[in-house]
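Listed after this line are the structures, all set down as structure tokens.
Note that subunit A is present in both complexes that follow, paired respectively with subunit B and with subunit C.
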Partner chain A sequence: MAKSNKPIIWGTFAAGGELVSLVTPVLILLTLLAATGHVPDALSYAKLHAFAAGWFGKLVIFVILFLSLWSQAHRLRITCFDFGMRADGVVAVVFYLIATVGSLASLMYLARI
Partner chain B sequence: MSDNRMEVRQVELEVLRYNPETDQEPKLQKFTVPCVNEWCVLDALNYLKDNLDPTLAYRWSCHMQVCGSCGMMINGEPKLACKAMLRDYPGTIRIEPLAHFPVERDLVTVADDFMAKLKRVKPYLIPGQPRTLEDGEYKQSPEQLKRYRQYAMCINCMLCYAACPEYGLQPKFIGPAAIALAHRYNQDSRDGGRDERQEEIATNEGVWECTFVGACSEVCPKHVDPAAALQQVKVASTVDWYLEHFMSWVKK
Partner chain C sequence: MSRRPYVREVSPTSWYFRMPRYMRYMAREVTSVFIGIYTVILLVGLARLSDGDLAYQGYLAALRQPSSIVFHVLALAFSLYNSFTWFNVAPKALPIQIGEEFMPDSVVAGGHYVVWVALSLFILFWAGVF
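For the complex of A and B:
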């Protein structure tokens, strides 16, 4: 029997899952701080804009968005599978398409900064 | 020992009965069995067979959680009947054969599917290098033993197959115990058979059918944690995939 090609998808799922569980709580905390008006100096709008303007900043932001989108797309796909939706191909196309559109959109927005 | 420890109470059992020669379909039969509170469900079944209905069919052997024969659904959960204590079941106890397996008779299931899959994954030592008697014994450090010891605890009771929703939906799935056992030998410092096993388990019917529900690890009576083994196989197979496709000159 042929070995599976699922590692392509699962690689982004595993890496994204790790990243989401590490980065998302920090982002939520920072967002809450910002919402209550307590923005640390190092994270002021000007400094973050400068970070996002550089190629390294763009890369970091893109990797985080790309992996988060793909891991969550795969998570939703296998959740559907667990609930007995056997049209796995259709489900996969829909969720991965959303992840692709999201990835391309983030690329476009980052390029404009 | 106080008297009330040996207190007898009447336990209501609902046991699934099926005789393929006479029954169109399985049905539940009620029994009232006088039980000592310290008994396990298997004791109650043994009393039932000895005293109430000798035609009841079920598998058991060791009565001490080693042989893995008495797996059955107890109140809908996969359990070893010798590990399910009556004191934990105050009401009627429903006893059915292991889910996801065909019923042969009463509580006896057909395990052929699992046995065939077990054989496919080669769960035995395939020496990496030929060794002569003069070379002496294989030595292993405690660290090397620790890498696979947990997975070697599997007793092939198949509770994980009865718990796994993916196996229920896709019977071709090689399943938790067989893949965990393949992983056990892959992790063994004396073994060189990983490439052969990967041909079976790194497939769509193998580890990639698993969606990490984790029910296998919850029901495992020997704390093997098959779900962990499968996730480790996924990581290793993913590394393999990238090496095979992009860096084929790197040795795995």
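For the complex of A and C:
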């Protein structure tokens, strides 16, 4: 049977789409509050650092970043095609590379906390 | 192949202006640009958090720039559009069959809205907003 990387890409696209739809608006609201000077309690350095120091917090942060990166990388690739960019191979490599580097970087940052 | 094949002229860069339906599709596509950039902003926040208190305070200060506030407002609007369109199409993407019948679309979409509101309120409460 021919091998395909589609199930992997599609899996992160579907799971990421669901997660992004459920949590991204409220996350943007939290950082918008911080941007307007009303930093939510959980976004203070002490609280957020303590959250990211535990295994559960690390898992939550990693899952959100990993799925957001991969699902949006896939969507951005399709968006580029829809706007007329026909160099799909190059576009795919660029976005999936960003998602890979971002995922590895988030693991590294979490390990340092 | 006939000698004079029928070729329909479709512009690859402006095809979506022809119908409102296509425009709505593209509006949803564009949400990925805002959510993608926002994900990178979150990633930078994690990087600054791992750099220590001083670096993280610098990140919070950078968030207060006017351009950041404008981006956040736009990103919030686009991400809400993304969420609504995702929940509304969920019954088509995730049809739940019970015996011979399919669960009504309103139940699947409504369930998504209930979970979304509950989760959002829980996160706001956890974050100490209220």
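Assume the second predicted complex is superposed on the first by the 96 of 113 C-alpha atoms of A that agree within 3 Å, B and C clash if a C-alpha of one lies under 4 Å from a C-alpha of the other, contacts with A are read in each partner's own complex, and residues count from 1 in each chain.
FYI, a residue touches a chain if its C-beta (ideal position, glycine included) is under 8 Å from a C-beta of that chain, and two chains touch if they have at least 3 such contacts.
These numbers come from a predicted model, not from an experiment.
Asks: Which partner chains sit in contact with A:H49 here, subunit B, subunit C, both or neither? Use first/second/both/neither.
Replies: second
Asks: Identify the partner contact of A:G11: answer first if only subunit B is touched, second if only subunit C is, both if each is, neither if none is.
Replies: first
Asks: Go through the superposed model and pick first if A:D82 touches only subunit B, second if only subunit C, both, or neither.
Replies: Both partners, subunit B and subunit C.
Asks: Applying the document's definition of touching, compare subunit B and subunit C: which contacts more of subunit A?
Replies: C
Asks: Can A:L97 be said to touch subunit B (first), subunit C (second), both, or neither?
Replies: Touch partners of A:L97: none, neither subunit B nor subunit C.
Asks: Could you say whether A:K3 touches subunit B, subunit C, both of them, or neither, answering first, second, both or neither?
Replies: A:K3 sits against subunit B, while subunit C stays out of touch.
Asks: Where on subunit A do the contacts with subunit B and the contacts with subunit C coincide?
Replies: 78, 82, 84, 86
Asks: Under the definition above, what is the set of subunit B residues touching subunit A in their complex?
Replies: Per the stated touch rule, the residues are 165-166, 169, 198-200, 202-206, 208, 211-213, 234-235, 237-238, 240-242.
Asks: Okay, in this complex, where on subunit A does subunit B touch?
Replies: Subunit A residues touching subunit B: 1-8, 10-11, 14, 78, 81-82, 84, 86.
Asks: Show which residues of subunit A lie in contact with subunit C when the two form their complex.
Replies: It is residues 17-18, 20-37, 39-43, 45, 48-49, 52, 61, 64-65, 68-69, 72-73, 75-76, 78-79, 82-84, 86, 102, 105-106, 109-110, 112-113 of subunit A that touch subunit C.
Asks: Hey, which residues of subunit C end up touching subunit A in the complex?
Replies: Those residues of subunit C that touch subunit A are 11-14, 16, 26, 29-30, 32-33, 35-36, 38-43, 45-47, 49-50, 53, 56-57, 60, 63-64, 68-69, 72-73, 75-76, 79-80, 82-83, 86-87, 112, 115-116, 119-120, 123-124, 126-129.
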